[in-house]
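Listed below are the structures to be examined.
In what follows, chain A forms one complex with chain B and a second complex with chain C.
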Partner chain A sequence: MILNQEMKQHIIDSLKKGVRFDGRKNDDFREVNVEYDVAPSAEGSARVTIGDTIVLAGVKLGLEKPYPDTPDSGMLMVNAEFMPMASPEFESGPPSIASIELARVVDRGIRESGAIDVKKLCIEAGEKAWSVGIDVITINDGGNLMDAAALAALAALKATKFPKVKKDGSIDYKEKTKDSLPLVKEPISVTAHLIGDQILVDPSVEEEQSSDARITAAALDDKTICALQKGGERALSEEEIDQMLTLSLKKAAELRKRL
Partner chain B sequence: MSFKKRPDGRDFDDLRPMEAKAGVIKSADGSAMFKIGKTVAFATVRGPRELFPRFLKNPKKGILRIYYQMMPFSGVGDRIRPGPNRRAKEISMVTEKSLSEVMLLEEFPNSVIDVFIDIPQADAGTRCAGISAAAIALADAGIPMKELVAAVAVGRVDDKLVVDLDYAEEAYEDGPVADVPIAVTSRSNKISLLQMDGEVDKDQMMELLKKAKIACAKINEVQKKALKDKYEVQK
Partner chain C sequence: MTESKLLIKDKQIVVPGEELAQGMDYLPSTGSYRDANSIVSQLLGLVRIDGKVIKIVPLTGQYMPKRNDVVVAQVSDVTYSAWSLKTFSPYQAMLSMKEATSEYIEKGADLTKFYGIGDYVVVKITNVTSQKLIDVTMKGPGLRKLRKGRIIKVNSNKVPRIIGKQGSMVGIVKQHTLTQITVGQNGIVWIYGEDPKMENLAETAIRKIEAESHTDGLTGKIEEWLQTEVKK
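Moving on to the complex of A and B:
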């Protein structure tokens, strides 16, 4: 569904009067739910719902040779699939730029915060280390996939248990140990949108399509920002960025309680 | 040990030496080279021209399409496999967003303006150098723009806020590092690209925005000079 100009104007006019179509305030999230271990064959998994938006994240672990430039570290990879089941806008085939951006923003939030102590994933320097593959799958796009995906990825990492390693060094995926990932920090992403002159969080699909600019900020519990991404075509003033970051940080602290 | 001195001896607010030239690729409608320290970016503009595939056409306005790519030998270490990877695609997209607002794309319905950003030599800050080069190239192509755009990576190395990080600083290991690519429009002074990875708090972030604006004003002078050098009538 592509919004026509009249609908977009209607959304902007309504927001100016303090009205969102679903009755929320600008800084309200829809109901957020996190369920763990929804895909038991994965090493870790989670389902996050934000209103109508549903996202699944699964973690698969493997043993691989470390990258030559980081021989003493494990590997981390985030991939996102925008499934045709989730939205009339999504098509099968090679990844769209939106899904690449989402995967990279989730990846940066986790990687750059040092959320996983990758050094502890190394078993033998230069030879063998755990690789952590996070796949984020959209089930339904009701708006705000970005924040839902980041939350699901973190929740799945929290739920992850290492599989048993056999004596010959191969992995017995059928048996899980009690060991969790070395997750030392927990980055939470919140995206603030600018629509007209209004700043809001957790947009619906219609609001997202009316958005002029957005900033996704990943924050730690001490309010350190560990990743930022601006999107949308409108250039922003310093004051707008200040307000958007303030709102994101505030909502990240609230979202953290849902984990 | 804390970070007291930059590896190349610059002050914390200093940019690396810059050089810019317009019209470096003769077969293009517009082109530019932008060099900052050891990082070099070429931008080549082709268009406005007819857009294919046709279903992408927008009858209301033209489309700006960026193709960012690092040359296979541009980095230290492994060869970079040519062709668009996820990083290149994302950089192309954020570059499009950072430039499209200043362009009067409504004047070119159904058309596309293609900009090819190629990096022959990289020492951090390639997406920013690419944006700075692309803005010169678009102006060189005579495409109507409201203003120019300049970009720089600012950031944090340990407890210091620094401007225009090079690779050695990005790779600093004895403390927290943040890399913050920012693009600033030349007249309205707004931020059209903002990304960050690393660790900063909000106050540091706002301070970095201010530093980026000052640095981008300096880059803007270099951009304008490149255009004047090509077009000003010699007396």
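Moving on to the complex of A and C:
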């Protein structure tokens, strides 16, 4: 539901009184569910549901020539698509700014944490390396696509198995080996929103519309923050950033148990 | 000719294509049709037998605009002389300047000063043409712009149950939660309460009615449930 200014203010007013529209506390996530291997044609896949939000992620592997500046590394690519079936606000056609941002936030979390040991993906320096393509597809937008997408991408990576390589160097996608990706770290992204003077996680669609600012932090299990994304129009004070990150890290630890 | 016979019971759930009755003594109504000697269901829903007439009350489905329905609509566009409204049905509605307000609007005035894009309004459908162009009015009791509060969407087929006989069901919810509620025939419900906790309770109650709409004696059950919840 698209809200007008007065209704957004109503959300802010009730948050001030300590009540969220669905009765949760500010630091409560909705029910989180992770399912693995939902798409057999992908090398790895996962479906994540957070309340009404459903996101699907699939990993495709291919053999390609490495980039000239990193001849001894494999490649990583993240693509996100906002399907029109996920929300009446999403339209088909060229990717929206929000879907590009989503893909970049997911990409940055995985890339900057060094989650995949890309050196191990190299088969022949400068000639041949594995490329990892992650496709994120939104099935339903019930709010908080960012965290759901990042979680789905990581879960899909965890479930990925290399396909068999034939003697002539081509890939037999029908047959999977038992080898997993060299996943050395597991970054979990949690977005904290500032609405009025309240900081909360896992917003609904309505809360997202009322949000003044948000920070998405990807963190490892030792609480190292490896990627950040700030969104929303309002500027944040040092103290607010501190509170938001503390909350993100706390929730990331809880989300990690769901994998 | 063979004797007429009924193949289903009143309030039974039927699926599309299911044979409901045989013989010429029964008559099809909304959601059912005659196929040679039998009456067949068109929808997934509950059967209502009223004398010789067999009607299906759908369990689900999209809202279709009907004349005289009061709906909650959202302003999607403002033109030079009218507002275009989203009715949460497959069709758009037009609210003309004349029907929107009794105030005098000067020629070329900025119509967004009255209703802007994104605003929710309670309107009454005055006409639905064969091309499904909807005309609405805001002249009438209770027809107004909705301020503050929250908007939720429910299955439009459950709206009669949510409202109850002469508004009894929604009346109970309002009375116990001290909220203001407007239920549109299109399944859009507006709730506003001074106490956000009570507003949450009202939403939960409406969701509960929606989920349990097929059960008997729901009004009593909801009242009992609300009484215990309010005390918490």
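Convention: the second predicted complex is superposed on the first by the 258 of 259 C-alpha atoms of A that agree within 3 Å, B and C clash if a C-alpha of one lies under 4 Å from a C-alpha of the other, contacts with A are read in each partner's own complex, and residues count from 1 in each chain.
Simple rule for what comes next: a residue touches a chain if its C-beta (ideal position, glycine included) is under 8 Å from a C-beta of that chain, and two chains touch if they have at least 3 such contacts.
Here the structure is a predicted model, which is why all the values come from computation and not from measurement.
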Practice task
Return first, second, both or neither, reflecting whether A:Asp197 touches chain B, chain C, both chains, or no partner chain.
Solution key: neither
Practice task
Could you tell me if A:Glu127 is touching chain B, chain C, both of them or neither one (first, second, both, neither)?
Solution key: neither
Exercise for the section: State whether A:Glu206 touches chain B only (first), chain C only (second), both chains, or neither. Expected result: second
Exercise for the section: Scan A:Gln9 for contacts with chain B and chain C and give back first, second, both or neither. Expected result: second
Exercise for the section: Tell me which of chain B and chain C touches more residues of chain A. Expected result: B
Practice task
Considering only touches as defined above, state whether A:Glu101 meets chain B (first), chain C (second), both or neither.
Solution key: first
Exercise for the section: Could you look at A:Val19 and tell me whether it touches chain B, chain C, both or neither (first, second, both, neither)? Expected result: second
Handout entry: Which superposed partner A:Glu91 touches (first chain B, second chain C, both, neither)
Key = neither
Problem - Intersection of the chain A residues that touch chain B with those that touch chain C - result: none
Handout entry: For the chain B and chain A complex, residues of the former touching the latter
Key = 77-78, 86-87, 89-90, 93-94, 97, 100-102, 180, 185, 188-202, 205-206, 209-210
Handout entry: chain A partner contacts - residues on chain C that touch it in the complex
Key = 74, 116, 118-120, 147-153, 192, 196-197, 199-200, 203-204
Practice task
Under the touch definition given earlier, write down the residues of chain A that touch chain B in their complex.
Solution key: 68-69, 95, 97, 100-101, 103-104, 108, 111-113, 215, 220, 223-238, 241-242, 245-246, 249
Practice task
Mind listing the chain A positions that touch chain C in their complex?
Solution key: 1-7, 9-11, 13-14, 17, 19, 21-23, 206
